[in-house]
């Protein structure tokens, strides 16, 4: 993990609030693995407001070019700031942070379930799994077709996928969790990785309660440090029969066993 | 580890050319006045990925209690204008794990440790101090986090009650017989009395300020932005408040002060020194600029060189009023 | 003056369509909860160049004393992270000039005036209130600035001493018999007691917070950045502190609260309302966004429309904890 | 006085820390007079740090083009921000503020004494006085030649002037106050306007203590509101024999009778 400044090679607008930023960084390309994230300073040099860094999953790594990318949604002040950066500007970030996903011990079948911007960190998992010649299926659900441009990225991976939108404007109409439920049998011996809104994760937790798929969720929580010192980013995990403990998303995660997560 | 090596040699180099950053707070001697604040640096391990944290004047640990504490429900963090609120709820592994595990790791890195402890009542403070007795040669001081609520006394913070402050400080001093720092809260008006009580109790220095009580509301959900409703404000926003609190103490020359609150740059650190702080704590800044401790030490060193000031003590307390 | 005309009609228009912004604080009725804070709006004249300040729920005047006061030596202003310090020193023209001149000008503009007054001791408070007796029909309330130092009592602020608060409030109430607002300082821990004392004294409402004590140092000159060394912090930086203070009062349901501290937008105002403030004061924001009062009224009105909330009172105090 | 947004037509770098910004504003061009200033928001839209507006004198007004300009020195965070603005960007400012200078009741001879960036507001006075066919002399003193580019602006006014620099790198070597002292006799029946560092003003106050020139100083003080409500920007003025009173630079000034100013 290092504090870095990397040149922005592109900051492409995918749709109204969706951007993909490519950053030159040999260090990240060499050291990062799928599932990890970077922590980005989202204010001009020397400026301390907004104060905190923002975490973003690593969307893609192109080792050959020493370029990695992040796919991000403009939500508030921080993401608004970075959406205004241009190629040639420098990005102040740190990484790679969090634990990477080790696909070696896995089933040969991988199901990725993404909701909204939750698809971002799953993309790199899909790519890596594909390169390992695993059988990968990506189920992605959205409100509308604002992520349409992302389908092009997905097609490059040459994996099977299904897109669902709530308004039916792209792919099938419906919720991705319903899709998973309806196709339960086809994903019998799949290891599952999911990332997305709380409600989606809750539903998936229910769906997979009594099944013995290995289901891993990539979680989000507001962060201060991103390196494990502040205990600001905790999520509640089951511990023993009735107990719980708080685990840090930044250091113990961001991937957790979905079955252990307590959503209250 | 070439980066760390070069840092080390850099330090010796400038150490040798006659510009001294060393400060003393009673019996506590520091190579430089830059200290990592409790709760913002763990025990220094994580930040050692970014620079050699052994160069810091000292690292104050997360505050430890007798038993592990799970802390407050999330969300625990919320950004505010030039600041942040936290309601970690003093989550910690308990003093025993510190002794068994974290201290050892910090020692391996050569980090100078100030151990921060707290309790829910004076009795717990006493017990934690007793556990720390075994390792007292391995730490440079104990800091008492007196901003935590006194559960046996209506939940009001210890530092609001001078009597309690004196009691806890003196019992710790008698148990440990190493330098004790009293960390006081800015949320009470009787800061000066609390400081005098700490002195009476035998404290070596004061740490000021802890976070300022604050809150924020999510106007979408009408819920507080923190799971615990109230939290502690830190960061640049509180710097003017911290400086005024430190000044209220240094003006009275009660005890040496470790000034903290919103320090992000060597210039900020210098403000605290000029106001009379003998050392400066870096808290929230660590979350944003991971190598800020190193940057501030360098900045202060360059400042001395540029101004041809041979001893940092020359600037401490030199406010012109 | 076409801008003002259009504003007026705009207001009647939305006033008529069933979304009500009116609030009550005891006997004080306001068309909307947006109030200009004392010391940041003079009497409304200057800002009338930018918008029709008569649309504000009320304008609180600069705090007036018996005789004119020259105030503190400059510099009186200093910017800090997302905030500012001021040490104006309560410079004012004295209550007589207010009555003879400023009140008249404000009336011509249709501004609803809350008169802020203060004194160096309870006796001066009484005298200023007596002068105001002549004009009591022309103002909607009197606000007592209790954050100023009690010169007869060691310089500690009145609002730190609940007994004094009660005394001053009740003497003002008995002299004027119009609604009295007690403005309290955030710099003391006994805010709740001070508020209860104000209630006992007969206050109609509380204004919270005044500025937070702070300071800053010029590292070039080693001089304090304010001529007076200490000053009062205001602006976005203090909003979390202000919300927590307001919450500590509204939770106890002592008196209706005018919440203030760092309000710059309708979203900020809404945070205070949700926490339980019955009205919101706009201070420092006026210095930066000259038409902020109008913007916040519009913003709140649009919010109600969008959410189909027919009465602003529906959101007041609706914090979900 | 109005709150305005004006398009920036140019933001020319005069030297390392010196810029001239031209802003399109019919309102300012119509309503402003020499000596007045504008109050500029020096942070991006929606951003509140740095918080306070910054005051800048009006350097020039070109009524024909509805363009006015300001000449400014990059000092801290606010001026650094505006120095990065580009033509086409919008400037958030208010004005015109403060009292203008009425040259009608004046002597026919005008001496302008500027030190450093203090020359900025004097320039427009010089221009207006020139247009009134007054006899104008501009004495300008600087540390070095970093204001060299400004001489071109000055030449356009076709008035007499002297430039002094402390290092002698441009014009005569020396202090502008010494220059004034040495040429005292030539400026006998001149009305004087001066603006510059405190030390220069103090010296001029001394020089002109017993003479009956009308000497007006344009003062600077840190401001919060800029409109006269906060009493933040006061300067100390003599009142009666031994008394003083505080006057607001923004509302009572920025021009004051130099003889009345108390520098302590």
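The letters A, B, C and D name the chains in turn, as written, and every chain counts its residues from 1.
By definition in this document, a residue touches a chain if its C-beta (ideal position, glycine included) is under 8 Å from a C-beta of that chain, and two chains touch if they have at least 3 such contacts.
Values in this document were obtained by computation on a predicted structure and should not be read as measured data.
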Other chains in touch with both chain C and chain D: A, B
More contacts between chains, B-D or A-B: A-B
Most distant chain from chain D by Cα centroid: A
Gap in Å, rounded to a whole number, between the CA centres of chain C and chain B: 36
Centre-of-Cα separation between chain D and chain B, whole angstrom: 47
Intercentroid distance (Cα basis), chain D paired with chain A, Å: 55
Per-residue multi-chain contacts in chain C, two or more chains: 81-83, 235-236
Multi-chain contact residues (two or more partners), chain A: 48-49
Chain-level touch network, classified as line, ring, star, complete or other: complete
For the chain D and chain B complex, residues of the former touching the latter: 48-49
Sites on chain B touched by chain C in the complex: 80-83, 85, 160, 187-190, 212-217, 219, 221-224, 229-231, 233, 235-241, 243-244, 247, 262, 267, 270-271, 274-275, 315, 318-321
Complex contact set, residues of chain D against chain C: 1-3, 41, 48-53, 94, 221-236, 244-246, 251
In the complex, chain A residues that touch chain D: 46-49, 77
Complex contacts: residues of chain B adjacent to chain D: 81-82
